[in-house]
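Can you keep this structure in mind? I'll have questions shortly.
First chain written, first letter: the chains are A, B, C and D, and each begins at residue 1.
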Amino acid sequence: MLEELKHDVCRANQALVRHGLVTLTFGNVSGIDAERLHVVIKPSGVPYAELQPAQMVVVDLSGTVVEGDLRPSTDTPTHLLLYQHFAQVGGITHVHSRFATMFAQARREISCLGTTHADHFHGSVPVTRPLSPAEVEHAYEANTARVIVERFAHLDPKVMPAVLVAGHGPFTWGRDAAASVVNAVALEVVAEMAFGTRVIDANAPDLEQHLLHKHHERKHGKDAYYGQDW
Amino acid sequence: MLEELKHDVCRANQALVRHGLVTLTFGNVSGIDAERLHVVIKPSGVPYAELQPAQMVVVDLSGTVVEGDLRPSTDTPTHLLLYQHFAQVGGITHVHSRFATMFAQARREISCLGTTHADHFHGSVPVTRPLSPAEVEHAYEANTARVIVERFAHLDPKVMPAVLVAGHGPFTWGRDAAASVVNAVALEVVAEMAFGTRVIDANAPDLEQHLLHKHHERKHGKDAYYGQDW
Amino acid sequence: MLEELKHDVCRANQALVRHGLVTLTFGNVSGIDAERLHVVIKPSGVPYAELQPAQMVVVDLSGTVVEGDLRPSTDTPTHLLLYQHFAQVGGITHVHSRFATMFAQARREISCLGTTHADHFHGSVPVTRPLSPAEVEHAYEANTARVIVERFAHLDPKVMPAVLVAGHGPFTWGRDAAASVVNAVALEVVAEMAFGTRVIDANAPDLEQHLLHKHHERKHGKDAYYGQDW
Amino acid sequence: MLEELKHDVCRANQALVRHGLVTLTFGNVSGIDAERLHVVIKPSGVPYAELQPAQMVVVDLSGTVVEGDLRPSTDTPTHLLLYQHFAQVGGITHVHSRFATMFAQARREISCLGTTHADHFHGSVPVTRPLSPAEVEHAYEANTARVIVERFAHLDPKVMPAVLVAGHGPFTWGRDAAASVVNAVALEVVAEMAFGTRVIDANAPDLEQHLLHKHHERKHGKDAYYGQDW
C-alpha cells in the first residue's frame, strides 16, 4: 500500500544526508496520505545509505503498524500528533542539524535577521517550553508534539513551518515530505547565519517588518512571483 | 540568440554550487552581451543540477523577456539597473553565501584585514543603506539596485567589485559572468577570514595602505605581474 | 590469526576518514578478541587510504607484537591498559577531532546540553588531570591510560564511553571497534553543538536530569525502544 | 631537466586542493634540487585542476627562468631567499588557508595548546613584523622572505617549520615539497583548534613544557618512536 508515498518518504530521508543535516541515524522524515489516515515513516536506527522504500513503515494515526517489518522511528508519536493538529501539513522532518540544535539547546528563538530567513519563515522561529518530569516520564514523544502545538496557539504553521524543541532540536514541515526537508535545509542555513551575525554584532537588528513581509509574500503570498508556475 | 552567452551564464550558475556559495536555489548569475542590449539570466527557482543553457532567459534592458520559456530570476530588475549604471560590468552574481550574508545582516562593512582581501577588493567592502517601506513596496528589486548605485557615488565598481545589501546579501560583478563568480568566491573567503580575525582580536588592524595598494596593483594595475599574459 | 578482527579494525580505522575525524595520520582504532588476550591495532603513521587488514598489528596485553610487520600505533600502551581496566570494552578509538580536542585543550568538560548528548553519554564528558613531568618522562602512553582510569574511579565506562585527555584529545570506546568509532562521531558533533550553544549563551543550562535519563534509557536501558531488535 | 622534481612539485600543489588549503589560485609549492642550484615552482595564476608537471617552472637562485613557458608564481622571490637562508629546507608551501590566515591577519602567534601542535611545531608559531612602506615598494616579495629570516634569528627552522607573515598568511617548509604541504595541513588544523580553544576559554593555558618536548621528541627526536622505519 502507499507505494508512491513510501518512495517519496524514502527519498526525503536520503536527502537529509545529501544536505548534511544528519549525523549517524539522528533524523527522520514522514509523510501522510491524502486521506490523512496513514503515515509513512522511516524505520528506527537504520542507516540512510541502506534505506529502501519497502522498509518504510506504515502506521495509522493511533500509532499501530499497518505495514512493515521494522519498528518505526522512536519519534513517530510526535509526528502523528502534529499531523492531527496541523491539518495542512503533508510531511514532517526531524533532525539534529548543528546550528538549529545549538539554538534549541540555548533555548533561544532564531530572530529574523535577513531576507533568507524571510523567504521561508514569517518571523522568529519559536522555541517550546521544557517538558515537565511527568511529561517526560509518560508518553514523552506525544508530549513533545503537545508542547509544539501549545507553542503554536497563536502561530500559523503554514507561515512558520519550523519549531525548536527546547534542549532537543528542530522539527519542520511542509505540504509533503520533500517540502519539509527543504524547510529543514533553510532552517539550518538561517540558523548558521543568525549565529554568525550575532557574533559580529550581538545587537544586530531584526529585519525591518516591511522587508520581512515583502520577501514572504513574493515567494508564498497570493501574488507570489518567485519561481515558476509549474 | 546569444547561444555562447547562454552557455557561459549557465556554467557560471552551476559553478555557484561547486564553490559552495548557494543553498537550495538562493542565487543567480547573469551576463550582458557586447552591445549591452540583452541580458541572459538564470530562470527563477530552478535547481542548479538541472540547469541547461537553453533554459537561460534573455531579457532586454526594460526587463521584457525576449527569449525563453521560463520566468527570469526574481532579482532580474536589480541586475538590469546595475548594468545600466556600471558601464564596464559584463557579469553579475547574487548569492546568499554564509559569511558575506552575516556581514550584510549585521550591516557591517568587511574591513580589509589582509592581502587576500587586497588582491580582490580595494578597501572595505561597502554596505548599502536599508530600503524605506516605500522603496520595498513598489519596484523593490529595482530599488535594491538604486541603493547600491547610491552607495557607489564615490566608489569605482571596477576596483570594488562587490557590495553588501543591508539585511539581504552580497552582489558581485566582473568583466563577464565567470569573473563575477570568482569575485563572489573571493568575497566569501575574505568575509570568513575577517569574521575569524575579529573573533581572535576585535581590534585587529586594517591592512596598511601601502600593502593594500601593492597587492591590488600587482594583480590589477597597469604593470600587473600576477598570473599569465594569456 | 584473528583475521575477522583485523578486518573489522581496519574498516573502523578507515571509517575515521569518512566521518571527518582525522587529519593526516592522527588517530587509531583497536579491538580486543573475545578471550581478551590479544589486541589488534592500526600500525603507526600509515596513511588510512592504504590500510589493509593484513597490516593490522596483533599485540598481547604486555604490548609484545605477536603478528605483523609494522610497528603498532604509538598509543598502543594506552589502549592496552584501558582494556585491562574496562572489562566490558571491546573497541577503543583515539582521534584528535576538532571540537572534542578544543575542549580537551581548554581542559573543560563537555556539559550535557541536549538530547543528542544524552542519547550517547550519560552526563558531562569528563576531562583527566594533566600528567606530571615524571608521568610524561617514563611510560607516557601507559600513564595516559592511568589518568583516564583514575578519572573513572566514580564513573561507569559503559554509560560514559568517552573521555578528554587534558591538552591532548578524546578517547572513546564501545562493545567493539565499530561502536567505539560511532561514539567518536557522536562525541564530535556533541562537542561542536556544545561549543556553539555556549557561544549563543554562555550560561545555557544543562539538560534537565529527567530528560537526560529518559533519552539514555530509551536507547541503552533494559527497556530500550530505539533502533531494531536485530 | 629535473623531471622527477617537477612531478613531485606538481603533485604537492595539487594536494593543496585535496586538503582544502586553497581557494581559487591562492597558493603555491616549490622544491629545490639536491645541489640547491635550481628551484621548481608552480606557474602563477594557473588553476590547480589543470596543472601538469611540464608546466612547472624551473628558476635559478637569482630568479632567472631556466626552463618553462609560463611565468613563475609571483611569490618566487620569497621562496628563493628562504632556500638560501634555511639550508636544510627542501620544499616550501605558501597558502592563504583560513584559520592560519586569521591568526596572520590578527598578527597573533599560534600558542601551543595541545599535543597536535607539539607533534609538528616546537612552541608558538611566530608572526613576522609588518613590512615598511619602502620594503613593500621595492622588492616586496624578497623582503617578505627577509622579515621571515629576521624573525628566525633565534629560532630553528627545523623544529619550527612554519611562520605567519603579518597581514598576509602562512609559509611552511620541510625536507621536500610534500613535507612542506604536510606542515601546511598540520598548521591549519592546529590554528583551527587554537581558535576554538580560546573561544571556549580566552585564558586556556599553553601545553606544559614537558609534554611539548615529549611529543616533539617521540616524533622528531633522535630516539623517535612514532611512525615506521621505512
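In the analysis below, a contact is a pair of C-beta atoms (placed from the backbone, for glycine too) under 8 Å apart; a residue touches a chain by one contact, two chains touch by 3 or more.
Only a predicted model underlies this, so the values are computations on that prediction, with no experimental measurement involved.
Enquirer: Starting from the defined contact criterion, work out which chains touch subunit B and subunit D both, please.
Expert: Intersection of subunit B and subunit D contact lists gives nothing.
Enquirer: In whole angstrom, what separates the CA-based centres of subunit A and subunit D?
Expert: Measuring from centre to centre gives 46 Å for this pair.
Enquirer: Rounded to a whole Å, what is the gap between the Cα centroids of subunit C and subunit D?
Expert: Each chain's C-alpha centroid was found; their separation is 32 Å.
Enquirer: Can you list every residue of subunit D that touches 2 or more other chains, as numbers and ranges?
Expert: 199
Enquirer: Can you work out from the touch definition every pair of chains that touches here?
Expert: Here the touching pairs of chains are A-B, A-C, B-D, C-D.
Enquirer: Sort out for me which residues of subunit B touch subunit A in the complex.
Expert: Those residues of subunit B that touch subunit A are 23-26, 43-46, 70-71, 74, 96, 98-99, 101-108, 130-131, 133, 136-137, 140, 167-169, 195, 198-199.
Enquirer: Provide the residue numbers of subunit B that touch subunit D in the complex, in ascending order.
Expert: 113-116, 119, 182, 185-186, 189, 192-194, 196-197, 199-201, 204-205, 207-208, 210-211, 214, 218, 225-229
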